[in-house]
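Okay, here's the structure, questions in a sec.
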Amino acid sequence: MKIGVLTGGGDCPGLNAVIRAVVKGATLRYGWEILGIEGGFSGLRVPPHVRVLTPQSVRGILPMGGTILGTTSGNHMITKNRSAEGEDHNPSDEVVEQVKLLGLSGLIAIGGDGTLRVGQYLFERGVPVIGVPKTIDNDIYETDSTFGFHTAVNTATEALDKLHTTAESHRRVIVVEVMGRYAGWIALEAGLAGGADVILIPEIPFQMDVVCKKIMDRYQKGAGFSIVVVAEGAIPVGGEMSVLKRSEDGYVLRLGGMGHKVGQEIADRTQVDVRVTVLGHVQRGGSPVPFDRNLATRFGTAACDLVAAGEFGKMVCLKGGRIESVSLKEATRGLKLIPPDSEEVRSAETLGISFGR
Amino acid sequence: MKIGVLTGGGDCPGLNAVIRAVVKGATLRYGWEILGIEGGFSGLRVPPHVRVLTPQSVRGILPMGGTILGTTSGNHMITKNRSAEGEDHNPSDEVVEQVKLLGLSGLIAIGGDGTLRVGQYLFERGVPVIGVPKTIDNDIYETDSTFGFHTAVNTATEALDKLHTTAESHRRVIVVEVMGRYAGWIALEAGLAGGADVILIPEIPFQMDVVCKKIMDRYQKGAGFSIVVVAEGAIPVGGEMSVLKRSEDGYVLRLGGMGHKVGQEIADRTQVDVRVTVLGHVQRGGSPVPFDRNLATRFGTAACDLVAAGEFGKMVCLKGGRIESVSLKEATRGLKLIPPDSEEVRSAETLGISFGR
Amino acid sequence: MKIGVLTGGGDCPGLNAVIRAVVKGATLRYGWEILGIEGGFSGLRVPPHVRVLTPQSVRGILPMGGTILGTTSGNHMITKNRSAEGEDHNPSDEVVEQVKLLGLSGLIAIGGDGTLRVGQYLFERGVPVIGVPKTIDNDIYETDSTFGFHTAVNTATEALDKLHTTAESHRRVIVVEVMGRYAGWIALEAGLAGGADVILIPEIPFQMDVVCKKIMDRYQKGAGFSIVVVAEGAIPVGGEMSVLKRSEDGYVLRLGGMGHKVGQEIADRTQVDVRVTVLGHVQRGGSPVPFDRNLATRFGTAACDLVAAGEFGKMVCLKGGRIESVSLKEATRGLKLIPPDSEEVRSAETLGISFGR
Amino acid sequence: MKIGVLTGGGDCPGLNAVIRAVVKGATLRYGWEILGIEGGFSGLRVPPHVRVLTPQSVRGILPMGGTILGTTSGNHMITKNRSAEGEDHNPSDEVVEQVKLLGLSGLIAIGGDGTLRVGQYLFERGVPVIGVPKTIDNDIYETDSTFGFHTAVNTATEALDKLHTTAESHRRVIVVEVMGRYAGWIALEAGLAGGADVILIPEIPFQMDVVCKKIMDRYQKGAGFSIVVVAEGAIPVGGEMSVLKRSEDGYVLRLGGMGHKVGQEIADRTQVDVRVTVLGHVQRGGSPVPFDRNLATRFGTAACDLVAAGEFGKMVCLKGGRIESVSLKEATRGLKLIPPDSEEVRSAETLGISFGR
């Protein structure tokens, strides 16, 4: 029996740990052959880009960031109609065909919301897909947590720890933009852990005057500096500031994130000294923290078990500390957002942290 | 209204984060006065060692290891009978008396199994105790996780990452003893994350010949090195090796941990080059990782809420991602151990990791 | 006898270690009283902002980033003429006066080129100044190294390590802007350590087409990704791109650094996927690495020895592993730049790293 | 033209960086073929263990600890007489022969004092050896610094930072044994950076009563805890405690290091609570810090330049920030020890640190 494994979407700490667990689990427990598919689903187009993976070929990759299989952000193209490529066929047909030609009895797709949707689309067309959820944003439905998230929070918190001393020494406002287009999990967790004074997240539209009042209050009480953590997708109430628009492929648009806009507004309104730091892609890199390595490993072996049980169209997930599974359809019906009145948000507000509301 | 807060038992990353959250929560949300009690419950004996804590006095302590209140490992003495002290009274009587004299309407006790048992004992004698669970060992019942544990796992995993390269370069067996007298959580999580080949935990008695066979198999297959993670309380099947005895106060006994015994046995039986590292107290120290900071913070504000609600004799806990509470009696009825056939242990065995069984 | 100590200019890891060493050295070895001056030289204006420092007050600050005395970037104002302040006097007169009123027999000024120049200016007006060089940029003349620099290089290298995996997984060009307005030491050392393919520094004007050729060469050879490290003050040959202009106080100007311009040019010319990360102030923060802690400590005790010897108008420095001293006049006559044909630059070029020339 | 490269002795962070620089430098600058010799000099015995190295085969190894070529601690055997092996020939004859048979025009030997001595021995027998100094102990003559040392100091300092909080919280004495059999550089630098109260090094024989007096002084002044850093080879004055004896190959002897003896003595004499941590092999592992990566890289390209210039029998070295060369004979005439009255030691004593004298 032969199965395939691929990684799609933005890279994320822990991808290699999943690949290693899939290869070791499939080989040592089940005796299957494993094909590694390069560059996400596009590795299953014509001609395919695949290579055989053995326990030897995944040796030493457990602590490594990135993915040895490469990835692509263009997963969505797979389901696009012909106009997108100017060709006379749907690219997903190629994938369905290649899975047959390669003789894959199972296809483990590790990726975020986009990759999982493509997985469901292909599953409906007969491809034996098993999904493994991946996102540093932690916004995938139906799983308590995703690997990569804790590493990203760790990276962001370390940055906040460093910025704290410089903010304090210079009595400055430091605005830090972290990842999170639709969900503010990184901003919330890193902000709470890094001692932020203001945390702005997409789930709670903010008011600039509330933010500035918080900062001025601190100055008047003698604290003299403030740390403002902004999720890249944070949104002001009622269009007070222009909403950030982003293109997946766009370089130019990345120049202007919400962090800079918030920083500029604070500088204009309060006259205090402001510095802005956009953490950017460092949040995607680095060696995964132990939690992420282990969740990734458990997801990998569980995905093999699902293949063995023939339970395709499903995604492995974490529920209450245990690895379970859920249908890809269920898992991709929406994004997991922060409830604006969750215990954690209220705990933060108790400590005096402002969400700009 | 006035409340007290203390830290008992071995120190643990995140204690300061709880203290900070208790002080900020009690002051900013409830307007209470807070007394910090020094050196655990012994700070409530005659004469008491207490000091007033304000938001100003807990500034900057969120990322710091240790506890600004100090701690003591001698909590158990509180409940000892007179012979233990050679005096004519029970020390806990002093504590009950001091709580009244100081006018404490609530006493938040942050500590492990021992501290929480004393808390329950005092609660039964009328002291308005709220418990906050703390242990790097993660072995407290009725809470999914305790703060400090993830930091300890992180420290142990970083050590394993470092030892991996030296093991590989020299084709050695490296034995690493980690903390865990009764529960093997640190060994399991760090071993899995650090790519260990053998993990020995108290919950699964090990057979030395199975361990040595695993090591020799790896040599014969050309891997040439092995990483063996040993919880300090790991136990061989049927007394094959003498069981480790430890005294809470003993320095001398600490010289011989199970790590050294396992290392010596491997060296004797396999003739390979063995090195032993006992991680020791570095696992208790350091800045808490974000997960621990945030769990500690949420525990701290939740503990204040329990005081406000008058729900004494309870302990805050984490269940399925939410902060809840449970009676101290329930929480201290036993220790949370690793089920020998849990999904995580089986996942590890799938990857070829041996537990010596 | 009484001496003063202050920190001026941008903050830098190791400032607290110097302060601690000055206080401990002056107290324990010489028995002097120490005044900590707050906010740089401006703490010596009317009214002065000073506080007594004792070994107790510097306890625990060795590993901490920032400065417990606060700092200010406005040191240069001290030497400005009246028009700068719209007042009828030179602010430095206040400082000279306050030093006398406070009875300071020595004034240890820890700072960069700007602070040291003010120190020399005040020394010429009779103030018993001793300088301690500080700059993360490593560009101070007459000392082999400055504390803070190794920590900044460490932070930048850790970021490069993280970005490497994401660059490789996505086959992207990652442009990383690091600090260094006039000198490219951070870019050179972090670029070399982080495996950069291109390093652009102020000392070697770069040609955009050489940079792009290097990147395209790598793509054609299959490497598929490139890491480009850009010092903020890197300059293209002959005004190919507009030279970066910065204001010390300006927030708006900081939005557009050379990193973004280089990234944009590469994207325009090569059509490859480019991402830009501006590391920013994280480079100034964090706990100093051991080298910086120890250099700072040795500078601190040596500064006390200079005060004791009455050798004012001097700066402590590191020469060939030993702490020596040099006149402030000598030390501030220019900046220490990277020789474009140094052995280290040539070593980098041997490895295939392009400096864009 | 063809050259060889090998790594000998204990592993050390930065070995891979040298290998990478040698391979890239030799290939890209000189167009040579490179043979990687496995397991140190023993890879040049019969049969030889070698493999061709290309820029592709060293890709990604810059930040990795350990050595991709493997190493051996048995270098000394090479120069042993026949009785050591019970054979009728000197093993070094094999090496001389293999170098000829493999057609090596140069042999770059990366190693410590032992490896460099073998290099000199082989050079005298006609082998075109170039040495690259390596030791985490920093004790090689004729070079200001060796790579690996700063990484080891960093690891030890991070451990001290962690132990500080636990020592303070429990008011304990923590004894930390670090590497350094003959030279105390790691103990001195890590102890200074980690805020140690006592530092014991081989170069300054210590008196146990002076050590205990320092600890008791701190208790009486209210500090309540102490950090004692002990180099493994620290020696008491006049045999107060039995001198540590170690065997290169011995496992059993490693159980009893000077750290435990010092800890036991302090516990016996002062009755305070003592904990001992032996850092051990973690100090040899991990990703090299930037300084070590860059020194290793520069050593690697400089070694190629020496081969190209035909300057055999030499060792690359760092002098005053520049890479130079020195004869192997000079470099191996002794070990670089800490001068007991160096400015750095005196600076430490000024801060109140005791060396037990």
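Residue numbering begins at 1 within each chain, and the chains themselves are lettered A, B, C and D in the order written.
Heads up, the rule we're going with is that contacts are C-beta pairs under 8 Å (C-beta built on N, C-alpha and C of every residue); 3 or more make two chains touch, one makes a residue touch a chain.
Note that this is a predicted model, so its numbers are computed, not measured.
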item	value
Third chains touching both chain D and chain B	none
Chain whose mean Cα position lies farthest from chain B	C
Mean-CA-position distance for chain C and chain B (Å)	41
Distance between the centres, which are taken as Cα means, of chain D and chain C, whole angstrom	31
Inter-chain centre distance, chain A versus chain C - centres from mean C-alpha coordinates, in Å	35
Chain A: positions in contact with at least two other chains	161
Interchain pairs in contact, sorted by label	A-B, A-C, B-D, C-D
In the complex, chain A residues that touch chain B	21, 24-25, 28-29, 62-63, 144, 150, 153-154, 157, 161, 189-190, 192-195, 287, 289-291, 293-294, 297-298, 301-302, 304, 320-323, 343-344, 347, 350-352
Partner chain A, residues of chain C touching it in the complex	7, 10-11, 15, 64-67, 70-73, 155, 158-159, 161-166, 168-171, 174, 249, 251-252, 254-255, 260, 263-264, 267, 273-282, 284-286
